[in-house]
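Pasting the structures in now, so scroll down.
In what comes next, chain A is part of two complexes: it sits with chain B in the first one and with chain C in the second one.
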Partner chain A sequence: MRRTTAVTGVTALGMLMLAACNGGPGATNKAGGGPGQAAASGGTVHVLATADFSHLDPGLGWDGGVNNFYRLIYRGLTTFGAGAGAKGTKVVPDLATDLGTPSDDAKTWTYHLKDGEKFENGAPIDSAAVKFGIERAWDPEMGGSPYPRLLIDAPADYKGPYQSGDLKSIETPDAKTVVFHLKKSFPDFASALTMPNFTPFPKGTGAGHAFDTKPIASGPYKVASYVHGASLKLVRNPEWDKSTDDIRAAKPDGFQWTFGLDGATIDERMLAGQGTDADAITGTIQAATVSRIQTPQLKARTLTGLTGCTTYLSMNTTRKNLDNVKVRQAIEYAVNKDTTVAALGGSQLAAKATAIQPPTMLGRKDYDPYPYSLDKARQLLAEAGLSSGFSLTLDARPVAAQTAVAVAVQESLKPLGIKVKINNIDTSTFYEVIATPAKQHDMALTGWCPDWASGATFLPPLFDGRNITSTANNNLAQLNNAGVNQQIDRIAGMKDVAAANTAYGDLDQQIMAQAPIVPLDYDKVVTVTGSNIAGAYLSNSYSGGIDLVSVGLKDAGK
Partner chain B sequence: MTTAAATSRDAQADPSAGAPGAPATAGRRITGVLLHDRAAVLSAGFIALMVLMALCAPLISALTGHGPTAFDTSAINVDNGGLPKGSLGGISAEHLLGVEPLNGRDLLARVAYGARVSFLIAAAATVLTTLLGVVFGMLAGFYGGWVDQIVSRVMDFLMAFPALIFMIAILSSLPAGNRSLLLVVVISGFGWPYLARVVRGQTLTLVNRDFVEAARASGASTRALVFKEILPNLRSSLIVMTTLAVPGYIGTEAGLSFLGVGVSPPTPSWGQMISSSVSWYAVDPMYFAVPGVLLFLTVLSLTVLGDRVRAATDAGEAA
Partner chain C sequence: MARYISGRIAGLVLILFMVCLFTYLIFFELSPDPALMICGKTCTPDRVDQIRSSLGLDKPFLVQFWDFISGLFVGRDYGSGANLVHCGAPCLGYSFQTSQPVWQMVTERLPVTATVAVGAAVLWLLLGIAAGLISAVKEGSWWDRTMMGLALGGASIPNYVLALALQYILVVKLQILPFPSAVSFFDDPVMWFESYLMPWIVLATGYACLYARLTRANVIDTLAENFMRTARSKGLPPALTMRRHALRPALTPVTTIFGMDFAALLGGALITETVFGLNGVGKMAADSIAKNDQPVIMAVTLLAAFFVVVGNLVVDLVYTWLDPRVRIR
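Now for the complex of A and B:
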């Protein structure tokens, strides 16, 4: 349940930083020779980024880029697998011995911790630390993912461990066992535990925003120095025991981030690959650079794939004209996705979207409900009695890529006589404005990245009619369809996670029949790695970022 | 020349005789000088061409079949980062100046419509600046005293102000409404003191000149003094200052659009086109070159022309 940072464009940080992924169409990961070959131990991997991480405290940060980084310094009970394609979306045990034992109709979950797991200060990672780390999510100063508060049964007045003390619904019968009591049955709890705000911390630490400057590491690296907005250096955490960790290869001795670089500068440096830039990785390249990486030498160190995010145009179903499903369907037929894909940098940086869920999702159904057809669009508008056209206001961000897509949509709807007025909202307040139904207009240009590869983190947050709130509303279309709501409840009650995911694929199609959004494109990643980079592949769980726990150097002595 | 100047001065000294004839003589003289100046003729020719292009923008679009905002994905290579197909930024019989990368919009149509925006804003800003400059400059110079104090302090304040930073701040905080109008108001708001200072200075000397004193003594109204005695004598300064101001405003408009606070897309403007072409300089230099060269030549032409007008006027006054 998070907004995509991908749509802010190829230049936006979260994405740029660590965006890329594999297994989607056009994956160019080759074994041996390229950046995919096995990494050697030692050396420092450099990362070039436009902007800093949102937060080093996993109780606050929560986006594809920072979640990927958290895995280097933090461990959770479960995490995503390390590997390209479907391997990267598979949930696996991390600190826990297994994916948990459900009881009481999946309302109670029991986890056991492995032996020999320690924090960077030498303290053992025990059940009390797990409990404390999760309790922090209720602290009023915390942000992050909503899952702890959404799933775990807590008193309404519970305000986190610093203010309210113990949370009764997380039990610690012994130092190695944690028992969670949930509000309701949740068969996919192991997936929710991958979220960063389930990270354990030694009891009593991290009040205020202490971890934003000096985190306590449980993973293979710890923070050596951090200058906000400029640089971040990670060195090995000697207390981390490789034998307890099957996920993190952790080959290099350290990582060095440089923040605040211009997107074009990063591209030039990556193409030139001089000095330590040969040991560098970065995020997605700019559209203007795509044509320059078509040589065999550069292609060999390029990784491409899907971010797992969908850029879409929401249509507010409560507004005049748009409340008619025929009008919305006419718009679905009329939007020329060739132009929106081109506006985002062409087929290498975006793939035409048809279904709501991108191809990285488990159980996704591939279908095209509204192939481009102006005739059908005109016919539907005529049936709605609007063949003479009308005006709409489109909320967008004044960022180059966003404006380009907004203009493409505007141009697409011109032949229907639909006049689109682009309403630019400053990037910093954009989500707040469109998430306030009283302030949003007819349409909005936005996107969504799932938290894990299940429709549960994609469709219910965006289309459950009972989730329409007066602020922080994610159902931008304000779709409140009885059939859709019923199906959401039915799938939520399913015990078999795989069957539920398939059912979400069908729900996707059921929702599109109502035409609440126009899926414009599935964002892609094209990233150039340094010539000395090895072990790099794009992770489907981290918005297509290079999986940091596996990346390393070919020759660590260089 | 000498005779002409002398006549004109005499005419001004006596408001009842010959005043309408004098400016025509001066105007003819300046035009004559400029017509013999090759640089001035070339500059004027280029400006005329640009103005014609701006005026005929819809005609150009109709002839080539490409509107300024119409997408043409067939003219770009979608699989190669949206670069224009063909050499030199996609220059072809279909698109005479090539196309924009990523969307295939016709550059000729966009520069033509962009010229409309640039010229309209520059012209409107010049008119408004001149109006404000003349009114406040003459108020200060004519009345003196506390009026002069207030106007002069406001001018000092505005001139000492970091105008560009303030313009960016104002334009980015104001709601999107009518951007062109906002640009004109903001540019003029900061531009008028430069003209007003000159006007004030000249008015100060003019009000004490004999011919004004004479008019005043013979019972001329304030209105007659201002419009018949002082204003005609400011004409040459005004012509020079405004001709030199136009290229400045075209540049300012382009600069503000470049910084992203100018007219909002999809309305084309030269500054905005240059801004979006920056990241493409390595792979599609023509995208940058087309609006860049036009902007450069337009500003250069206007500056040269303004400079020659000043030279011609100065020569006339000196003689």
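Now for the complex of A and C:
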């Protein structure tokens, strides 16, 4: 028994890493005639995956991988554009005719639905369906993004449509019009509506997690069969009308997922490309496989880009020594990011980070506040009276890549006399432990991915000092800086979304002056597509996964 | 005999109950909060409490444990109101991550695991016992030394190394076999056989090697017994002494080991299933551990314990038939 258990642990960790990676990032492939060329209509795209989707119910699932999948079967009022680079982070209307009309200081938002939009069962997608779908977010058994509950004005005891019925703050004056009343002014509401738990559903459906097994589709495809952990087949949804949808090319006739494959096996299959594997796509490949992509044929089938996530080292500003900004800045200067990037699999899988926000973010400012310098680090430590060094505890996960980064940090700080003790926390409880201020130590190795490409979903969640909670705390540095808090409020009040995003770029720099975290790297994706795949690019809004609404086959008759 | 069996079954129930209690206690005390996992990355303490109460996670340990045990026999309900989900008996729990009753998840995957286990067992019994017998009869010959050398080597190769090496050679390089997938026998028998062949070989290799060594040692011991000398001195032909007198006592210990090994395999061949992407019980166990899906981990632990305990009972009963000396009166 014991031997089996030990081995299981190792396997499980490996899979967890793969699952985490599979969510994947986004960028551009300019190779003509490769996977980027225009897709033909018809055929079936195969997807090889290590792990099943978290949930088919958009009220429960919420990660880069599954959000990308949701777009094939679900539509929302708004969504992200379809295209490489900045196109993929631009918010565009989907079911709605436009991005909404704000009134009452952007506290009230009005949307109109296009004509001819239907669910797979033929029922019209009307305002009641939009309202009902969003109300589901308040159900106590729903997970998903916090945005419906965070933004829309609801009574404190409202528990969703199944238990509490109607939510007064979402009005439906007619079948084509929906009016939202928000808690406070939120000019970027159109972006929040891209989140999966704003998906419409026919009124009264979906109780008891029914959609996790049998979703009701509003997008170009519907679920034909689904075996949890094994396979998922999508076929065309005949009720979907292309003329109402400018985003989804939806070229193939179907999609076929195979879940639960070993990561190394997937890589072998993608490289070999036999049979239907020529029509297959997958998530990011394993670090060990990256070096095998050498021939021009393989390179032409490879897509690389950013995940849109930042891996960082948080420094708990409430702990002894780390409460001194000079000490934190010394650590910023001393961490050698070449070694942390190498630990994460090298420059193909990680790019050195300088600013907090990765390059996929709108309004991001590119700057390097702490270029590597041991001299400056020593000088700052001397000013803090700690030339002889001190000891720190770093919380990390006992997973190969994470341990390698932890050791790289440990080695980087050695010359300063800072002794880093690596505290391994089991992967399954890691986030729970570090998000509990009473349990976290001096530093932690973690990461963040934004919900959409605005600093609003990156900086305030991590650095707003008024959001430090006793559990489920995301402000790991426990930074509570009056200047930063004020600036967060000021930007939240800005009516011009583009100007607000630029202001977040400046806020990024303002926060880094306080040195609450060391941005280590911007995660990257490397994926290999089948030789018959076309229309493929990595989406900056779906953790760098191949945008499923555009991918198809070169030759659908093969 | 009836009394013996009923006594053993009572013991079996007690053991399974203890396994239940301890696994439940371990997961109750040590595992992360499932409510937090549902709640996701931006979650308020209020929301966590709400989810906990909805799932019944705020009840005391004994109440939750009682709900679990009674659910095994009479089924139980999860959630409340419109979200109420009924989990019929035998309710092994409900996975909030896949929104499925665990019993359904297990029964969906058991055929794959059973196919892997039975096929591998046939292979390793045939190869292991045959090689062991021949080695014993030709003790000290080049055949014996080669086979035992191979057996030692084979038993030393870790499953996943053999799996990946075989896959690379047979599938990627030589293209003799397809990449394994859980094809149904009824859909395509040829494809079914080709798909399961590699998992069978991988799983059988380690066991066959151990069984060959075990069989050889037992047969050599038996051949040196007094009754064998008597049989030979009576002038019985060697083949007959072997078949009639040597095999039965020599193979009884193999039966014992086989019962345990096979029963353990029914609880899931974790590595083999995972490497080949076969969605059996073992793969499900590995996935559940990675995702921290406690109800499923619980169920797989219980299932494995159940098979081992039952396998033990069956072995003991078979033993009394094979070896009259331990027969119970």
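Some observations on this one:
Basically, the second predicted complex is superposed on the first by the 528 of 558 C-alpha atoms of A that agree within 3 Å, B and C clash if a C-alpha of one lies under 4 Å from a C-alpha of the other, contacts with A are read in each partner's own complex, and residues count from 1 in each chain.
Convention: a residue touches a chain if its C-beta (ideal position, glycine included) is under 8 Å from a C-beta of that chain, and two chains touch if they have at least 3 such contacts.
Fair warning: this is a prediction, and the values are worked out from it, not measured in the lab.
Annotation for the three-chain superposition on chain A: chain B and chain C fit side by side. Judged by the touch definition given at the top, the superposed model places A:G465 against neither chain B nor chain C. Using the contact criterion defined above for the overlaid structures, shared-chain residue A:P437 touches neither chain B nor chain C, since it reaches no partner. Of the two partner chains placed around the shared chain by superposition, chain B is the only one that A:Q294 touches, whereas chain C remains out of contact.
More residues of chain A lie in contact with C than with the other chain of the pair chain B and chain C.
Using the contact criterion defined above for the overlaid structures, shared-chain residue A:L261 touches chain C, although it does not reach chain B. Of the two partner chains placed by the overlay, only chain B lies in contact with A:A404; chain C stays clear of it.
Once the two structures are overlaid on chain A, chain A sits at the apex of an angle of 40° toward chain B and chain C, using CA centres and rounding to a multiple of 10. In the superposed model, A:V341 makes contact with chain B only, not with chain C.
Applying the stated contact rule after C-alpha superposition, one finds that A:W62 touches chain C and leaves chain B untouched.
Look at A:P124: by the touch rule set out above, it reaches neither chain B nor chain C.
Once the two complexes are overlaid on the shared chain, A:P369 sits clear of chain B and of chain C alike. The least CA distance from chain B to chain C in the superposed model is 8 Å. Residue overlap on chain A between the chain B contacts of one complex and the chain C contacts of the other covers 264. Residues 69-71, 73, 76-83, 101-104, 176, 260, 264-266, 276, 279-280, 282-284 of chain B are the ones that touch chain A when the two sit in their complex. Chain A contributes residues 4, 7-9, 11-13, 15-16, 19, 51-52, 54-55, 57, 60, 62, 139-141, 143-146, 149, 162-163, 207-209, 212-213, 227-230, 258-262, 264-265, 268-269, 272, 274-275, 428-429, 431-432, 461, 469-472, 474 to its touches with chain C in the complex. Of all the residues in chain C, the ones that touch chain A in their complex are 31-33, 36, 38-45, 47-48, 50-51, 53-55, 79, 81-85, 97-100, 105, 108-109, 164, 167-168, 171-172, 175, 178-179, 181-182, 270-271, 274-277, 279, 283-287, 289-292.
Residues of chain A touching chain B in their complex: 263-264, 286-292, 294, 336, 338-339, 341-343, 345-349, 398, 400, 403-404, 406-408, 410-411, 422-424.
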